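The following pair of complexes shares a single chain, subunit A, combined with subunit B in the former and subunit C in the latter.
So, the complex of A and B:
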């Protein structure tokens, strides 16, 4: 894991452009060079951090030189700081005394080469850098008489374990999910893609929060243009805080006013790895398990990691049900209203009479009833997410009783309308990531169907489709491979073809390096070795 | 931004400008299950009867909770009103029903015989001109008043009109009436020679007291026979045998029973089940004379025999039964042909068959088909087979084992 930091440091330096992390002109003190005087330096640190309560300054003697370790309580692993920094300096330094060091510079070199047993450190010369590192959980070693500091990686704050994410549960497949710690997350990715071509490039965003983010992609598979475009967009960002990847998403998405998301997110390293291996780029943000993936296309809504882990038939079938669910959740209420209020003749006779019978005496027109129930359902759903756990039962009981039983018995709503709402709602849970998009489309179509019936419904669907076709995500058409039609990519669209037939990566994204599998990968029983080669018998 | 606002405005106008035109929730519609049309007492007027579904009653049926009327009201309401034509009368009906009538679910159109004999052109025109009625509505002609048919309950069905529709679907069990919908009817009207037919229906029995009615309805509609039309005007009836004769020729017999005298005892009858039947009409013109050969192929099973007199397993018996069946079918066909020639109504489509085979010669015959048809030389060839004898061969008799 620590090795990654070398990559990160290297790229971080490269990406350190004036407009993202470097201080603005006028902040003279930030560029302040360290003084040779230890106590001056320590005073500056104290002053800069406002005498913070979690600031730890441990002063000690190195032979006859005064030195100090500076770190923030809670961010550092004190075990590392004690055994690998302080201990060697206090004990080893004395044991190495027989050859007394001459001069501060020699001492400096001696500490680095013979004394310090921590793997990851860096030399810095400005106060600003020292502070930045301390804030990230590093420990700074300051020595009297030297205008430099060693910052040593001792990051070790409390973090959540790697756990199965609740939002992306699977039956078959890895259970691990990203955590809030960037280092853990990058390590999870590394473990999925053990290739030197995996690139993890670091950037720091947020004027105040100084959040680390990491651009991850596989060199040679990811499209260079997309990577460049992403970096360009990231460098444009000027924001004080990045608390979650959503902050970044808002700045880099293609169509900010669209109802469709053009940046995807996932909480699972296997999904992120799969997308990167298709040529996509991931953006990891320290402090959030939600990892962004770009470009994000419509078909990713119906592609689930389990499609690829299970056999192709079940992958294909489940995909069809997901498509059906999207259709239902967006169109069913509109279809119901258009049918009941405008074009009842499309219903089979018996169904028509049943619906008419249950709607008899219901005070609201079908359209209003549908809207009313839809809103109540969404309120219940939202309450279900936000409610404190102990009141969970209350919400579900009230919801089920009030809507399910009382409203129908009182004749306020009709049973078919409740059924339609429930079916719509449940269908929306099959596409959890983008459900708000589909709720919006549902309401749009409902409004159109309520005023103009089937005509409005079809019109609404056409409007949505035109809008989808006009979208791009980092230059990739949002509806591809459907529109523009790219039949080669349809192996992973309506059907999830067997993996050995998916020779190549999706062409819209991974066109730089398309080869994925061998051409003749179909599994076969072994040939009978006894058998003579074909045709040999006939020759005689 | 201006452009976006413009499109948003356009979009909102979709929501506001149509003003919910044509929006009627289902429960506010008067769903018509059956439509009956008679001649009104007043000259030149039509008496139109509609059977409207009361959805609440259908739902209440099982639970017994709702229902305003005592004893669980009927699921349909029947209204009659008059008007100068059908559309006029239908709109007049809204004065009574309070609901705008809704026709797409209508199962049957029942025409009174008196009206049918006068002509049903305007009625059929409405059925296809108006957007609501389905062309798949069954067409029936009532011996008597259509109103009576619509008013007579069918106890097995909550919606009596749908009961009439089911009767038509059950025709394939007996083939004693044609199943004709508006589309079939009008297709035959379009032809210059073929005459449309419609299913016949009549009320039998007299009304009993309401209590008994539900259990054993003695007054009930019964399907059978066919009304023969020339264009839009009815000219006469085919009875049940003649009707099946006609269906044999048209190849529309889907099933039913042929009753044949036993080859071993003339007085005892066998019931033979029709499994499948097909027909072929072959016209022939030689020396200016038209001969039409009807070839009917039928296959069936033995359905029921009276014991004591027949040994089906005996060689030659099956063949003898087949010969008897052939004769019965031939007789039915001849009955139909004779009756049709009597009415001078080509219900079989012989004219169309000639036109298809001799398109060049046809125009000269077309005009005089009215004179040609009554004296047309018709040959009937029937090929009737018995395929299976049912679960047993010989009937069960004491001391013998028929069951294998």
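So, the complex of A and C:
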């Protein structure tokens, strides 16, 4: 019976596959070669694109030969198409006599060599390639009597300017962010890393969307194994659409069911460049400013670009506050519940009395109160993000008033619980990268603390740690350099050591090429008298 | 191979430290004090020496068979049937000793913090966490050891630093009032704990450098001895004669801490660290039991055994003893001869036989 069911399922699945219903793009039937007849070719193009409204076909005479330019409106820079493609050819048509052109092949060669003032073009022979190029904004030149076409790069569509990203705001450091255009993004990376070793490898993903993606890494620094593994995983992807880098992340991440992200993302070229210089690999996706970086480790949540741009002491200090924030945002509500409802005796007497007094008359147990407030906080936060900015502010004000004042005055919740919730929420804002992850952990710990107090809390922390210790991102242990401990890498973990002491790249990722700085980089004042700047010398 | 993970020798040191220290710190002081009185701290020195010797025996045996565990190579040394018997002894030993540990940790939390909650909650909880760690593999266990051990050590240093002003040096005198005999008697109960390096008979094959096992074990035992000495001396200096009558003298130490009326009642923090340390200890023995059972049964995967052995551990830890006093009585009076035979005696015999018969190292 089971076998019968399996058979049915298989036939049903077969019927579902697009092969039987509609011809999909990129099918074998599209590998049609171009015809020698121009009008046949043009008809094919029209038919394939379904007489699209943005299709432009400009036919003209090249001497006594018919020719046509094909492109899509809005995707091409018409200025380039006019002055650099059409114009020279029309002029040539008038002056065809002085240059004796014999036969079609000579004409073809003449156009390529002497006529076309475009830097990027390609000769193609199949209809499929012509269409693919037209769709990405190229202009195709077809000539009657030749079974070939020239596709010329005239890409010039409207795109957003390079702007400061809102997600990763900095006080000190470069302001520019990636845009939606892949070419702009790769150029931004090139401008950061002016080395011939910067590798930018193109791939096309998405059966329908045909999205360009780019694998970027620095040859000689990036780990070859990681690059190969990434390419292998990318090649395995079979999807119809790639609209954002998140689509790719979902297919290449190591632990799809984990609450922790094992693929990082950034919107800033300087961060992407810094990670690539540590040996990581970046994946840029056309149409999205979010660039993926792999491998992604836990420490990257507490590393912020400003740590490195500001002086090391302040970088270290801020890092400690971020670690404290992670601890608070995940554990504070659970700690409060465990203390208040199970082991209140651990509190100093005066604090205990204060808390007990404010909890007087509150109808909910501490755990439910915490959960209730936590949920309201997250709803408010989500509302604030999704609404247009002026409305968002109104939401926050109303929320603050309702929760903060009214709920306490009405005796529904106690003031310490509100404080704990607010502190928890604000602490989560210091680590924007994975703030949703921490909500899960917070709820897990809260549930455990509500049932078994401190014991449940510590058990929950242990379970989360086991989970983190078992994760790997592209073969690199997620918790390194904490565990497995690698004290050489601790220079960039709990401390942000001065840059001149970070001689080597992180060993787990950049082991191919460790050297980063010279050995004796510490800045010193000049020793001999002559070298002192003028005016600093001894005054007599 | 059942386990394809590798752990570094440094991770092994952390695992050993945590495995021995986690419960010995809590239970040993009163047991030693009962025998050696104010000279209890001296007892630590001979027992550390004993621990190093036991560790070296275990390591030498393991190094002779660098890619196999005792379950696998004991058959080579003494013949297949006897080897199977030895394998079974170790499998059951790892399970049995773990029931003590689970009960100790659960009871400690139960009596001190949540007396109304049934003890099974704590047993089940901690065994569940350990089972999760074991299913994730030895590498994950070793990483957890690396994260938790430093916390345990720092917490111990913190207790000693905070309680330091309370130490009364008069409580140490007279030194060696009744000669060396009580001191050696006091060294007897901790011997059991100090030879828990027996876990290495299961772990040496998974070290990065099996040949470095001797140094790793010796290093770990010396660090443990140092901490044990420090705690023993502090307990004696603060509590004096009270030590003998307490179940958890080290916890009492934490209760005595009072710094400027500001740092008070730090024992929950310390308790949490010990739960974490205890978790590692339980996981290590649990892992050894599961791995030993899987190898004894010639299984290809050990994961299937995690749940049944976990259930066994939890149940036994609850039903074997009525209360903590009974457990203490058993662990310090009844079992030491048997446990010491398994922990030191059998490895010694196996080592001698292996050398005489030229097994192991000669094969390399």
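What we mean here is this: the second predicted complex is superposed on the first by the 489 of 540 C-alpha atoms of A that agree within 3 Å, B and C clash if a C-alpha of one lies under 4 Å from a C-alpha of the other, contacts with A are read in each partner's own complex, and residues count from 1 in each chain.
One rule holds in what follows: contacts are C-beta pairs under 8 Å (C-beta built on N, C-alpha and C of every residue); 3 or more make two chains touch, one makes a residue touch a chain.
Keep in mind that this is a model prediction, so the values were computed, not measured.
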item	value
Clash-or-fit label for the pair subunit B, subunit C on subunit A	fit
Partner chain in contact with A:499 - subunit B first, subunit C second, else both or neither	neither
Touching partner for A:402 - first (subunit B), second (subunit C), both, neither	neither
First, second, both or neither for A:458, with subunit B first and subunit C second	second
Partner chain(s) touched by A:365 [first = subunit B, second = subunit C, both, neither]	first
Which superposed partner A:354 touches (first subunit B, second subunit C, both, neither)	first
First (subunit B), second (subunit C), both or neither touched by A:470	second
A:479 touches, of subunit B and subunit C: first, second, both or neither?	second
Touching partner for A:415 - first (subunit B), second (subunit C), both, neither	neither
Subunit B versus subunit C - smallest C-alpha distance in the overlay, whole Å	5
Shared contact residues on subunit A - subunit B and subunit C	342, 345, 452-453, 456, 459, 463
Sites on subunit A touched by subunit B in the complex	340-342, 344-345, 349, 352-362, 365-366, 447-448, 450-453, 456, 459, 463
Parts of subunit C lying in touch with subunit A, wherever the complex brings them together	8, 10-11, 109, 113-114, 117, 121-122, 125-126, 128-129, 132-133, 136-137, 139-140, 142-144, 146-147, 264-265, 267-268, 271-272, 275-276, 279
Subunit A contact footprint on subunit B (complex, rising order)	11, 14-16, 18-27, 29, 31, 53, 55-56, 58-59, 102, 104-105, 107, 132, 134, 159, 162
Residue ranges of subunit A touching subunit C (in the complex, touch as defined)	342-343, 345-348, 452-459, 462-463, 465-467, 469-470, 477, 479, 482-485
